[in-house]
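Shared between the two complexes below is chain A, which pairs with chain B and chain C, respectively.
Presenting the complex of A and B:
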């Protein structure tokens, strides 16, 4: 019972990060239909930038986070306007190859700049742990999970309660009609891409405050995010969150009770099963398949 | 069609003749890798270029072929001329099974599910230590007995000729598939799925055929790789191989038989020459990939073909001046 609770607690922490990074991808993959293989690299950049702002620039955690959000938002905007926009109507292949090229470029350039050492972001919480119903959870982890929850709520409000969000929803329902109503579609695409980038980079910085930021992490993060988006359903907000928690919990329990070496295989098996039996995901309301 | 056939025959003949000239070990190794990648890219092109589905799981078949050949050679002592077809057949069967499950999906779903299959196989190879020896891989795959007495250059030359043979088989089978009714049916599906269905073409059948043949050829190449390097590890299922293949197909020009061969040649040479740049190598490579997508979206063959079309149009407009006026 004691160990079960501990596994669940660990699973929720990891799941919250899966959910947050998948939230970024569900905007880019689910709504914009860009199979973004550079997603994990955006996550990695968030962690690296977070380390750079907090330990090199000497900012405190929250100012560092704000700076990372601004920089990565601008970066995502530029990537969309300069690269993605030019292949938007050419099917998914061009986008895949383009983002793979971008991923190779980013990860190798980051490797040259900061090297292979794991980089730790100093979190705002004092070290220490609390007991929740018998499971040990460090304060830093609780803080990170809470921040995840706040960010998710903020993105939900942005999409569902603001003018920008309404324009986004309109554009992805029907780009032509949205343009006729005076929405600048190219602007909205870039905004969505930037939002996805920011969410993902924030997840990267938060996780770096618990574990550490590593340059080589990108590929694995991309794959996990794909898994969660497919699990939850393309473009589904709730699906990304539930899917992320589900994957985190399953992996923690499987790793704890069955075999730790096979943990990474679960996600891929889940994807195959889901795509064969429920190709529109567990939680998507629209029963579409591309 | 006739030009394409003649050029393909010329490519194989030139490759054969080159074997008589090449003596440098490094050059021979690069040449073998070009041929190996040409086989991989051609077989992937059958699916990507002719059926029009973008697979990121082709390394599943490469790995199945490589492991099958390696296991047959080390456990049962089979000779190379048996292990290569065995690898091909096992990979082909894997292709049919995977295809029957995944080809019902399209677009981004197909991309991700094929990637998931390759990853599942990679993790299995990594963790099923009793069979695959895990991350340590299978080493010491037997070479043909007579090679033991020969020098390194002779051994490389032998593998060079085997690779040329493999390429000839690949080109021949691809050509026969593409210019058969089945190939034309696959192209019809690629161009417009609903129209194709309305005239009685079952998309799944022809997609499976192309995938099965592609997997068979890739599996043979995998078996060849296992013998040539004489080591197989879980990396054969990995993403880097997939990346090379897909870049070769798209750089060369998908949907043409010559494109992947051209792509294999260009990309292998690019990778080798970038060794000079050391750490910057992958950054330049990534930037080059992006540049190709942005500025040459139909690949090199598409670029050449369009030049020819434009010239033909120019000639036609000169021949009929009244139509211009």
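Presenting the complex of A and C:
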């Protein structure tokens, strides 16, 4: 019983982390219809910049995070204006090729600049274990799960309750009509992409403080994030949460009671099963988009 | 007249080619993971290799020619390692190969070296059965899981007084090989197996695995992991408040490991073929030169790269020419005084004579607990 509790606690925490790292992907995919294969590299950049601001510049975690958010926001904006804009409305393949190229460029540039050594990001929390009903969780992990919840709520509010959010939704429903109504579409595209980039980089820095920042982590992060997004349904926040938790819990229980060496199989099995029964994911928003 | 002139010209041309060849470098092909989850260890190997070559070249090279390293990324995976080796053989025409770190990757490169009659030396791949495949061009200057398990299980069972041990390994040939070999040897000594579990390269969360470990009530845990995976595992091990005695194989005594794992690394035992604190003169010299070049102390893989290249360069020297066949024959006659022992090869290409060291990490430094020479297998 005790062990089961610990497995569930592990699964929930890891699941929240999966959801957090998939949030940026689902936002960009759901709103902009850009399949961002550089997602894992944005996450990696968040971690590396986090290391740079906290270790090299000597900032504390939160000031460092603020700087990372500003830098990555500007970076996301520029990527959209300089790169994504050129392939907009040319079908999904062009965007896929572009982001794959961007991913290769970013990971190799990072490899060249900071090298292969895993880097340590000082976390915002003093190390220490917390017991919840007998299951051990660290403070840093609880903090990360809470941040995950806050980020999701904030993004949801931004998209559904603000003028900017309304402009975003209008643009992605019908760019022409939105432009006629006075919305500067190119700005909205860049804003959305920057938002997705910032969320991803925040996840990268936060999780790097719990694990470690690594230049070569991108591929793995992208893979898991795609699993979460496909499970939950593209573009759905609720889907990302449920998809993440589902993946985290299944992995924890499968690893705990069956064999931890086979844990990656279960994620893909889940995807296959869900795609057979619900081809557009658990929370698909397909009906909204004609 | 024209006949004479033609002969003269061709003689001059031949002489010119001969001269050009004499000044050409001797290329040594190296396949190591430069990207991916063991990239850090691969780079350590390359750094060690470069140090060995720099010293040799400063002393005039081998056979009057400079040694040139041609380094390719094998990503620790079979397919990219094979492509890298093929590129080195086809385009660079290297007479000898060094690589490819991970046992699975090396096993994939071996048949190519064999087919092309080019000797392949691995300084790292430790899966026991690599030398049992009847390959005539394969050499290993690395500790095998079998030698390590034989040498260490006894020390562990007696010194740490363990009764019930859990085994955790990375899910590849090396990890599985290490776990199997150690578990068998420990069982022979009367130590029970509490659990055997594997994880994937690049895993970041080990809570599930560690919860299972806690539930297994083992009094010791054996871990086969490299720096990146191992340091995260150890951190989470301490976060969960586990107090099981932890000992590992892989790169546990490296400075990077101690730095990444921080205080969580305190008190961990590591079974290693090399520690920078080995008290021999050759080692002190190596450590000083390495520290001067790279601003950090060498770990296991830096030493492996350093040793592998020295063995290869000495073999080329003994062969008298940079030709695969001659180098292969010369490799069998290896008698190399290393920072960590004295390397020789059996006729299967298995290295022996190096030291096996049990260290404990104290204050970020590997302290030698005990060391023995690994005998001829």
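In the analysis below, the second predicted complex is superposed on the first by the 284 of 290 C-alpha atoms of A that agree within 3 Å, B and C clash if a C-alpha of one lies under 4 Å from a C-alpha of the other, contacts with A are read in each partner's own complex, and residues count from 1 in each chain.
Everything below uses one rule, namely that a contact is a pair of C-beta atoms (placed from the backbone, for glycine too) under 8 Å apart; a residue touches a chain by one contact, two chains touch by 3 or more.
Since we're looking at a predicted model, the values are computed, not measured.
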item	value
Which of chain B and chain C A:184 touches, first, second, both or neither	neither
Which of chain B and chain C A:264 touches, first, second, both or neither	both
First (chain B), second (chain C), both or neither touched by A:92	first
Which of chain B and chain C A:161 touches, first, second, both or neither	neither
Chain B versus chain C as contact partner of A:35, first or second or both or neither	first
Partner chain(s) touched by A:103 [first = chain B, second = chain C, both, neither]	first
Which partner, chain B or chain C, touches more chain A residues	B
Touched partner set for A:6, first chain B, second chain C, both or neither	second
Chain B/chain C common contact set on chain A	107, 111, 259, 261, 264
Residues on chain A engaged by chain B in the complex (per definition of touch)	29, 33, 35, 83, 86-87, 90, 92-94, 96-98, 100-109, 111-112, 219, 223, 226-227, 230, 234, 259, 261-262, 264-265, 268-269, 271-272, 275-276, 279, 289-290
List of chain A residues in touch with chain C within their complex	3, 6-7, 10-11, 13-14, 17, 107, 111, 115-118, 120, 127, 129, 136, 138, 207, 211-212, 214-217, 220, 251-252, 255-256, 259-261, 263-264
Contacting residues of chain C [partner chain A, same complex]	34-37, 39-40, 42-43, 171, 197-200, 202, 204-205, 207-209, 211-212, 214-215, 227-228, 231-232, 239-241, 256, 259-260, 262
Chain A-facing residues of chain B, complex	48, 54, 56, 101-102, 104-109, 111-113, 115-117, 119-120, 123-124, 126-127, 239, 243, 246-247, 250, 279-283, 285-290, 292-294, 297
